[in-house]
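Below is a structure I'd like to ask you about.
Labels A, B, C, D, E and F are assigned to the chains in the order they are written; within every chain, residues are numbered from 1.
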Amino acid sequence: MFELGVVKRNISRADRVATDGLAQFGSATVHEAMGRVGLLQPYMRPIYAGQQVSGTAVTVLLQPGDNWMMHVAAEQIREGDIVIAAVTSPCTDGYFGDLLATSFMARGARALVIDAGVRDVKELQAMGFPVWSKAISSKGTIKATLGSVNVPIVCAGMWVNPGDVIVADDDGVVVVPAAKAVATLDAASKRQALEADKRARLAAGVLGLDMYKMREPLEKAGLRYID
Amino acid sequence: MFELGVVKRNISRADRVATDGLAQFGSATVHEAMGRVGLLQPYMRPIYAGQQVSGTAVTVLLQPGDNWMMHVAAEQIREGDIVIAAVTSPCTDGYFGDLLATSFMARGARALVIDAGVRDVKELQAMGFPVWSKAISSKGTIKATLGSVNVPIVCAGMWVNPGDVIVADDDGVVVVPAAKAVATLDAASKRQALEADKRARLAAGVLGLDMYKMREPLEKAGLRYID
Amino acid sequence: MFELGVVKRNISRADRVATDGLAQFGSATVHEAMGRVGLLQPYMRPIYAGQQVSGTAVTVLLQPGDNWMMHVAAEQIREGDIVIAAVTSPCTDGYFGDLLATSFMARGARALVIDAGVRDVKELQAMGFPVWSKAISSKGTIKATLGSVNVPIVCAGMWVNPGDVIVADDDGVVVVPAAKAVATLDAASKRQALEADKRARLAAGVLGLDMYKMREPLEKAGLRYID
Amino acid sequence: MFELGVVKRNISRADRVATDGLAQFGSATVHEAMGRVGLLQPYMRPIYAGQQVSGTAVTVLLQPGDNWMMHVAAEQIREGDIVIAAVTSPCTDGYFGDLLATSFMARGARALVIDAGVRDVKELQAMGFPVWSKAISSKGTIKATLGSVNVPIVCAGMWVNPGDVIVADDDGVVVVPAAKAVATLDAASKRQALEADKRARLAAGVLGLDMYKMREPLEKAGLRYID
Amino acid sequence: MFELGVVKRNISRADRVATDGLAQFGSATVHEAMGRVGLLQPYMRPIYAGQQVSGTAVTVLLQPGDNWMMHVAAEQIREGDIVIAAVTSPCTDGYFGDLLATSFMARGARALVIDAGVRDVKELQAMGFPVWSKAISSKGTIKATLGSVNVPIVCAGMWVNPGDVIVADDDGVVVVPAAKAVATLDAASKRQALEADKRARLAAGVLGLDMYKMREPLEKAGLRYID
Amino acid sequence: MFELGVVKRNISRADRVATDGLAQFGSATVHEAMGRVGLLQPYMRPIYAGQQVSGTAVTVLLQPGDNWMMHVAAEQIREGDIVIAAVTSPCTDGYFGDLLATSFMARGARALVIDAGVRDVKELQAMGFPVWSKAISSKGTIKATLGSVNVPIVCAGMWVNPGDVIVADDDGVVVVPAAKAVATLDAASKRQALEADKRARLAAGVLGLDMYKMREPLEKAGLRYID
């Protein structure tokens, strides 16, 4: 958040297999697998339901009402990237629409995460390009002031470095530092494996109170049952 | 909102027939039938569209970032209940996901209403478990501090007693005190019967100004028509 | 926003052909075609996705918690109108539901835009009546205080005169002054024609940096590329 | 929140000595003394700084944009009361100004707590009448629809019964159920006595880590110190 | 809100005597004197307490993050003006600080009302220059895109024409159309005269219920007193 | 934001002279001197007016409703530090009051910046301990879950490393990376020197249009003056 006017070309991307493998687990499992960290604020919502993706981050730092750097970012996109963008102050303007999406898709981008507004929602859904944003707005933007591409940014309250893994679904967006991608994939797999058994037992009527052995700690904490 | 660390086991539930009968009318008609009271704040939204349910309230008072009491609540659920949960201070964390939903469904719960966040939106929709919440968030919660189950709570600005009727649909959530369930069902039926006739007349082009005889009171109030 | 207790009957509506022709372009293109003006605030959202309409404005100024003027407005609707309503202070109550929608449709209204709440979301979708609103709420309203119909209003931050063109879709709502309807239709057509070519080039992998000749101005502005 | 059109005249007020004694402790200490319950939402703020009061609740349930019940409430005020008011749906209008404050003071009211707006801030400060509110707004209100006086209400997320104790200061507003007033006064006194000693030790440089014996539980929880 | 790139030099200002006379009444009385219209949204707050002013409007339409037009506006200020500024989309940046205030004061401006952010709060208070704003923010702005000066604008939900009267105090901001300035001054004077008598009677313990003869209409509306 | 359960003891603090020298310039000048970066979101406000400080950051990462790490942080404070704290999800609870302030002051802390709530506002002002926060709330917190001390955090949208410089005043809070402290002090001094001359000229009636030579670029941009 401290560098303006810079584009970093050669970034180190997270392990590809781990990055791609994380999509299937979704944001909640990945967040838990990292030790309950990494989430963007919950005001970041998909512009249409049902998408679930992972990819390597190309970061963009934008100025209010100015999407110039989105065009600069397009050139830096590689197959399997997700563009993630922040603004230097709160803004709901429509920084992104079907033309930029066409360009981003042609470059290999899998999705956009932007702490601002987007437009052409219907077209983006028809194109199958997933977007998570703070707002939907038709407001057009200018191209006048420099921001940066592929510098560290803060997006919706979370620190993102270029090359980190982004995992996003209907529950929200989570950032996995590149160095933790492989370990997080492993932890997420294990976590999910455990959940299948738990789900079966709960479906059979076993209570979490018993399955998680909570009765004793609850009693110790002083929980009283009355009739 | 004043009792922590308590679980009430034997609660008096609203009349079952009246409770179940209220679902068909939806939150708007039930709210009107009670004399325009009982609604939760409109920031409470279904996590997916198209659900319409009624049930008897099992109430939960939670601590910020802590879903321990949701597990305690599961044991108190009876067939036909709706779990309704509040937090002691504003929180958007994801208190509830597919595992808890599996357990709640196995116990007979029809829905969850929670003044906080939930996660696993896609899975919950696939399971057909309806949820109304303030937020959607992957943020995990801990199990460390006592709240209460089946005490009176304030959820999204409305007072709820265990055993009250909850009616929820795409328009929002309304609470019917248990003692008013039967009378409200009756009033809602009558209201709806009247609406069919009104709808037909309005569809035929009759104006509300004439149907509701508003022209005279409008004139008395001083309304001026100009050209 | 300064006249209460007035209904203007004979308003001058925007050119019908231009009004109807604007629907196909959507709010973003029309906003750009007007020179990036005319948008309502982005908190105005469709109550269900997929609608895209244009029409001539019948304006309503409402009092908090009071929908009396909606009934007065019904009589002023002509085929091809969109009702657009503001409140004298912020309010989320449900001013509009299926009965009023039945009446509005019978009068020829194409949609409602309201800086407040509505209810009967499911019924409105089933009826195919499009609504853009600030909130969804079952809260009922009274009929006690005069507002106005067909006076100039401010709706969600934008000035609207009766007879102006309203264009609304999943991206938001834009107002075109009646006197600018024909010119805006022309400008929107031209803008859209240009976009087809741009889209094809971007899809083929041409960068916006080159297509829009941004490299030189970016360099002049001081953009630095690093590795 | 379920009774409209009712004024209860003879309410049972909390113990006077306990009520008056609670003012000195402030909202934070009283909230802790009750076991960390009873607080209104933190958006409730004093309209000017430096006031600290306690009193017995006269409750008011208002309609949006309508302050009729404030006049009805005035008659029910007794020496030592605090008027606490809620609205049936969110509203920021200015329900209260210097004239009503003059009347309330003449009746013996000590303060107003209102989940809505007030006006005449400068005059209220000059009169020395304390107010906690959600908003400040000049917007005038009407007198057309019945609410209630001295029924149970939900104000800013907290349940209040007529006669309960209200304690308010620069930190916020807390409700003490009438039946708990005496015990809460006692607990608050003890809590405050303990704080004096703690404050002295902390001022002398003793760490909370040692004073509260936190080092061992922190270590058990897994806290790691690195250099 | 529809003209960009325009500065109107010769505007017609409201009657000077009426404009200056309105300051003493404050925003609430002036709003009531106009028939309960004209208020900006209540999120507009003074950056420090205790100011009360009136003046003729010089309007400014700004772009997000861009204060170029504030400098253009400075030249259009005449003695007794208040600058009132809106942005084409929501923005909290700091458009105004002590340097611009120095310039505005040198030109004769009495205050600034801006639906955005300002900075240098301490210096502005020391200079005695009153400001009402949506936010306080140190964020700097650029000078790149045209807006307009002295065109009609919507500021915080209210329509303002250049030359209108602005009245602002601790309760908020109200706009009086130039053509209504004299009549509003007269109505405000009368209203205030009536209030003195009312205040005296209320202070003497007379109830509003009796003074305003509310008991009969309340009874007719069905108000029930219970013990 | 990715490390929980860690306390870093030996952090590298920014140059002391530069850190201390930055206080006099305030957040707006320092933000400009860094190239318009470094600001926290404008919802961070001083809990009382008139404070202006700078210091070296001790960072704290907290859990929702849990202030355990504040006690851990106290031990890490050195003379001249400012404690800056974030929470893993949005929370308004009162994490800090007069006891912790007593301890922090005894350790040499100059201020607290916290993206959450605090309480004991009156006492903190009396003690002269400056605080910037998102909320004021009496809500008490628990001590149950580990966060971290002196790890990098995101506070109110800005990245902060332990040892960075924090500058805060009535306009907001800005972060200066430790490595830029000396250069920023130099740039801020130069900027301020230039402002004195500008201020004198503007006070003498010179327009910014002329002083900044804006007339030509405005004309080029197409600005039209009309009468």
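What we mean here is this: a residue touches a chain if its C-beta (ideal position, glycine included) is under 8 Å from a C-beta of that chain, and two chains touch if they have at least 3 such contacts.
Keep in mind that this is a model prediction, so the values were computed, not measured.
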Each chain counted as touching chain D and chain F at once: B, E
Third chains touching both chain B and chain A: C, F
Fraction-based call for chain F against chain E, same above half, different below: different
C-E compared against D-E, more contacting pairs: D-E
Separation of mean Cα positions, chain E and chain A [Å, integer]: 42
Between chain F and chain A, distance of the C-alpha-averaged centres to the nearest whole Å: 27
Two or more partner chains touched - positions in chain A: 36, 39, 88-90, 92, 137, 139, 145
Listing of all chain pairs that touch each other, if any do: A-B, A-C, A-E, A-F, B-C, B-D, B-F, C-D, C-E, D-E, D-F, E-F
List of chain E residues in touch with chain F within their complex: 5-10, 48, 68, 71-72, 74-75, 92, 94, 97-100, 102-103, 105-107, 117, 119-122, 135-140, 143, 145-146
Touching residues (chain side chain B, partner chain F) in the complex: 63-66, 88-93, 137, 139, 142, 144-145
Chain C - residues contacting chain E, complex: 1-4, 34-39, 41, 88-90, 152, 154, 157-159, 177, 180
Contact set on chain B toward chain C in their complex: 26-28, 31-32, 36, 39, 42, 45, 49-50, 52, 169-172, 174, 195, 198-199, 202-205, 207-209, 212, 214, 217-218, 221-227
